[in-house]
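First chain written, first letter: the chains are A, B, C and D, and each begins at residue 1.
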Amino acid sequence: MQENITLLQYFKRYFKRCITGPWSLMCGLSVSLKYFFDPRRIVTEQYPENRKTLRMHPRYRGRLEMIEDADGNNHCTACGMCERACPNASINVLSTKNIAGKKVLGRYVYHFASCTQCGLCVEACPFGAIRMNQDFEVATTDPNTLEMILNKKEGQG
Amino acid sequence: MIQPRFSNLPPGFRIQRETNTEEFFINMGPQHPSTHGALRLALRMDGETIVELVPHFGYIHRGMEKQAESMSYLQYIALSDRQDYLTAIQNNLGVVIALEKGMNVGVPEKGEYIRVMLQELGRIASHLVFYGCFGGDLGGQTCLLFGFKEREMIHDILEEVTGSRLTTNFFRPGGSRYDVPDTFIPRVKAFLDHLEDAMRDYERFLSKNIIVLERSIGIGVLSKEDAIAYGCSGPVLRASGVEFDVRRANPYSIYDQFDFDIPVFHNGDCYDRYKIRIAEIHESMKILRQCIDKFPKDGPWRSKEKPVRLPVGRYYSEIETAKGLYATYVVAATTGEKPYRIHTRGPSFPHIAALNKMVQGHKVSDLVTIMATLDPVIPEIDR
Amino acid sequence: MGIINFAPKILDPIPGGKYVVNAIDYVVNWARANSIWPLTYGTSCCAIEMMSSSMARYDIARFGSEVFRASPRQADLFILAGTITRRMAPAIQMLWEQIPGPKYAIAMGACTISGGPFIYDNYAVVRGAQNLIPVDVFVPGCPPRPEALFHGLLTLREKILKETCRNPWHEGQPKDVSTMDRYREAAKTWAALEEMKDEEMAEARAKFKEENPDYKSSFKPIRVKKEDFPEVERKPFRRVGLTQLELYQKLHDKFPGITFHTHSEDPIETVLANAPADRPLEVMVEPEDYVAVTEFVKNDPEFKMDFLIDVTAIDYDDHFDLVTQLRSLQIGHKIFLCVQLKKDFSIPEEKRATSLLASVPTVSHLYPAAEFKEREVYDMFGINFEGHPDQRRIFLDKDFVGFPLRKDFTHPEMIRRPV
Amino acid sequence: MFVPSITNPVGDFVREMVPRLAEYLPASIQSDTLNSIVAFLVNALICVIAVCAVNIGSAPILIYMERKVCAHVQCRLGPMRLGWHGTIQTIADVLKMLFKEVYAPSGADKLMFYLAPLIVLIAPFIVCALIPFGRDLVVADVSMGIPLIIAVNGFGVLGILLGGWSSNNKYSLLGALRSGAQMISYEISFTMILLFVVMISGSTNLMSITLGQEGTISDWWIFKIPVLGIIAFILFFISSTAEMNRAPFDIAEAEQELTGGYHTEYNGTPFAMFYLAEYIALVTNSALATTCFLGGFLPPCIGVAFVDNYLNMVPGVVWFFAKVFFMIWCYMMVRWTFVRPRVDQLMDFEWKFLLPVNLVLLIAGAAYIVVCG
């Protein structure tokens, strides 16, 4: 930006800057000194060390999980609502027929690799059979382990 | 010796000029620390001075609009998180308001308060990232960490409320997915008190700093006419002297019930764009304080749950996100759960379009400053 | 990589050399595993979480990895943060080749593991970074928390510690998983299993039916009780500026060719008068009138449409709707000009998908903002803008075939949504 | 024969020991010349080792210190997991870099490409050899110390220019040109300040500059001449920061603009050399500042009777390094506080501000000496 100013104005501005400039820098330095000498301001959480005390919020959406009772029975009726609600088809509800010929859940396949943890499946489930758990330590070297079968038992019915 | 003009310039370059120096071309990006994502800028340089700039988009074009055509509306809300990921919660609202217009459902008072509060928290989060990136791109790494330090607290609140730090997927037509927990209001209050202190330090750290002033005043000036012509919005437009904020111009949600100012600056340079965002953090804090005072203790937080089905028609919504005007245009050709087409107008796209206008004649270092003050989010441009 | 791999060859014949090799192994691996410098690379949401992880709260510096190098030549670790598009893929491969070995890659987030939210119906996204470069550690999540990234880093650390001089680091091979449709595969395998099971179980089921003719399941699924909420009437947001009816009438007086499209049988005036206050007026404009109308509403003091929100299009069977969204910053009203562009069906059918089907004059001389928006429409729909100063593809490669937002668009890499 | 004298107890000890050991040799090859040559070579070897040890040994410490200082300014912890509070983190970094693959980009001038980092390392090493670390601890106590330092400092820019040019990368070239312009400009004011010191101390020998400051704190050159000393010190601080290419004057690296500037294309060991050179330059510049302004190895309050004994109990080296580390800490605090000026502003600052002020300072200093001295 070119401005037309007189020489006097130029020098006035120059000397003003010589005063205000260092002062403003000192202000900045005072903040960093304040932060440097105040260890209470350190906010770092030390993750692998604080594993024992680290808790996610109750609504935290981690991995999908099937709610099972002590015997391993689940509430899933293989209706497929979650499958339809999933934005990227990360859930396969594979139904089978039980001994009475009734349609029950055979295998609940969950493709964690593509799951975006949006929680729409949980919202869609009419029977509250699934939930998002608090698991966040999920790194793996083998992508095949990311395809999981959630149910331990066949569905009831 | 006068060099002949370039007989064939690379695509996009238009200025024909005769020089007696040698011009050369530099590519910034797609992997470059200061392009804020996968953006490629082709620079035509004369020494260190930029003659012309051509942005190349599409390095993060993910075909969201095509994908949306086979998704249900609810699923698109989840997808919209990934546009402007700095304030995903604001994208959600933009989509949801368009859906509400189609479904013709309203939101109870408490739901509106939740919306406004989360919106403003999102705005503060985005502006804090701006503060960090502005300082960081100028070379002061410490600012980057300062900005993110307070942002983490917002993430914490968001995670407690919505269940996720970034991709919230929280709002639904008629309200939101959950009620806020009891700890929400005290936490926001504590956060505001903390932020007030912190902002004082941060402004002291950067706002008056002579080097920052030297590097940002008079740099990347966008005149009022240009800003309007290029379709800029949000802080960039307001820094150029246009008082336009959707919250005031076409108030959505319950923004008309709050007392807040629309900060306007008139020089349109980098420093004004910086100041305006700092001022907006303070305005957002003002709105949040009013929300805390008026927050309804009980009452419904959402209206009756309905399947999300839109009648035939075209629905348009616009909201003011931290970056500017975020518009969603939903076309429903058949009554049903799936859109015929959803189009999103992200605020960053016009800003980058105006970039060429702003950087001509400046240095490479100024380009970094200007990019930082435009605060673009590239996935929102490319979608 | 480098001289250290020759250490066993040289030292093993010497008595006691094995211990030296082991010692070297230990020291070098310890150094490699504990000093992992990542590359500054990020495309989208995951990049923000990657940044968060290096910020004060989580502080990746504790692991000695805060030295984010902007140049790939000084980095050891490639954290693939964010979606990888086909256009970005060559750049990623080049970056990977520029990193000196031993180098490692972490695929962060669902997009880089499998394509994440962009698996199906997508023409632009590479389904998984494994297709491009060998990936060591996968961190699922969308985006993963910083802690999850640290867990990935620790997993990588363990992996590095397993390397020795005798079994040194070697660059893996990329794996083609781009066509993998996990959903359909799982369903297919299951169907085959189910068929077998049906055959096996047929007898048992028949027997069971005989034994329990009136079998009733004891399992009663309990529906989750949803909280009851009241119906709330929607209050349209406050109107600013002229009403839709006024706008329409003023425009109609000037350009009689302008119409309003409605499904209702009432006269247009009644429909407009009853429209919700916050619905913008959307009028149909003849293609010939398009530039004239735009110019008029821009300059007319009563309209003052000085701000172009967007230019977009909608693809129907036989025509495109080009929607130019305008608003007045001063007054506050909005007009959407909708131009119906008939598709040019004289083009032979096999060429239709790749050729421009309609043409419309540009408005970029009126609104500079329209230049990029029109390029986007050109790119996505294949609508030609006459007189556009720089009509190139904007989001896609210049040799990309087809126009993705058309309804009949197909792409060899696109997998349809299964559900 | 020219045998440079190395005046410290170690040198004398070696000179004494060599003839004594030589007596065990056959008489036919015994001669005084040989003895003196051997003594000189041994002394030189000791000196080289000492300089290398100080420089290379201090670099990891400084890198660790920098990481910790920046972490604490930024409210975080810094390296924590390797050793006690991450103390051996940088050792791991250096080891890792030594075992990385090394290659030059295609189209690079290979010879120059690998030569550049070595050249960059030369300057700080030679400067380090001239600094008196203690009353008897100086490698080369040359009488023209300051002019030699000024001459040698020009080497650094050569290496950076070569490195940037030979990488065949536009970013590197831009970075190299920037740093060339910057370092040559700031060299002028750097020289001016050193001349100011020479003028007020009346000597170009660093040892005598140091010994001239003997006394209380007020006898240090920074405080001895009211106001002018402090101004000179601040100017020295600024111009040496620019000399070292350190933030906020790191426009040659400018990660946000040039992705690393002149060392963009370097990897493995050559990059480690650049990385080390930056920190070694930090040590030598701080040492220079300490010698010229802060009383070198002298304890702060000599002459005050009741603390004299206690302060003298601490060896001079410790005082020296205490002051050096304080200076380094100052450099670090500045680095992590300020943002980077633009390249033309940096030039403006030098030519329109620093140089005039320096000239005025020189004149004022001369006037002071004439009037009061």
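In this text, a contact is a pair of C-beta atoms (placed from the backbone, for glycine too) under 8 Å apart; a residue touches a chain by one contact, two chains touch by 3 or more.
If you're wondering where the values come from, they're calculated on a predicted model, not measured in any experiment.
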Shortest chain-hopping distance from chain B out to chain C: 1
Chain whose Cα mean lies nearest the overall Cα mean: B
C-D against A-D, pair bridged by the larger set of C-beta contacts: C-D
Euclidean distance of C-alpha centroids - chain C vs chain D, Å: 51
Computed distance of Cα centres, chain D from chain B, in Å: 46
Averaged-CA centre spacing for the pair chain C and chain A, given as whole angstrom: 18
Shared interface positions of chain D, touching two or more other chains: 73-77, 80, 255, 259, 336-338
Where chain A touches two or more other chains at once, by residue number: 25, 28, 31-32, 35, 42-44, 46, 87, 116-118
Where chain C touches two or more other chains, by residue: 55-57, 59, 62, 70, 117-118, 120, 142, 145, 417
Chain-level touch network, classified as line, ring, star, complete or other: complete
Interface residues, chain C side, partner chain D - complex: 1-2, 4, 27-28, 30-32, 34-35, 37, 55-57, 59, 61-64, 66-67, 69-71, 73-74, 76, 100-102
Chain C partner contacts - residues on chain B that touch it in the complex: 11-12, 14, 30-33, 37-38, 57-67, 69-70, 78-79, 81-82, 85-86, 88, 100-101, 104-108, 129, 144-145, 148-149, 151-152, 155, 165-167, 174-175, 226, 228-231, 242, 244, 249-252, 256, 300, 302-305, 312, 314-316, 318, 325, 327, 329, 331, 333, 340-341, 343, 345, 349-350, 353, 378-379, 382
Contacting residues of chain C [partner chain B, same complex]: 40-45, 47-49, 51-52, 55-57, 70, 72, 82-83, 85, 87-88, 91, 95, 117-118, 120-125, 142-143, 145, 226, 228-235, 237-238, 240, 263, 276, 278-280, 282, 306-310, 312, 314-316, 323, 325, 329, 332, 334, 336, 367-369, 371-373, 380, 389-390, 392-397, 404-405, 407, 409, 416-417
Sites on chain A touched by chain B in the complex: 1, 17, 20-22, 24-25, 27-28, 30-32, 34-35, 43, 56-57, 59-61, 85, 87, 116-120, 123, 132
Sites on chain D touched by chain C in the complex: 67, 71, 74-82, 86, 89, 91-93, 95-96, 99-103, 255, 259-260, 263-268, 271
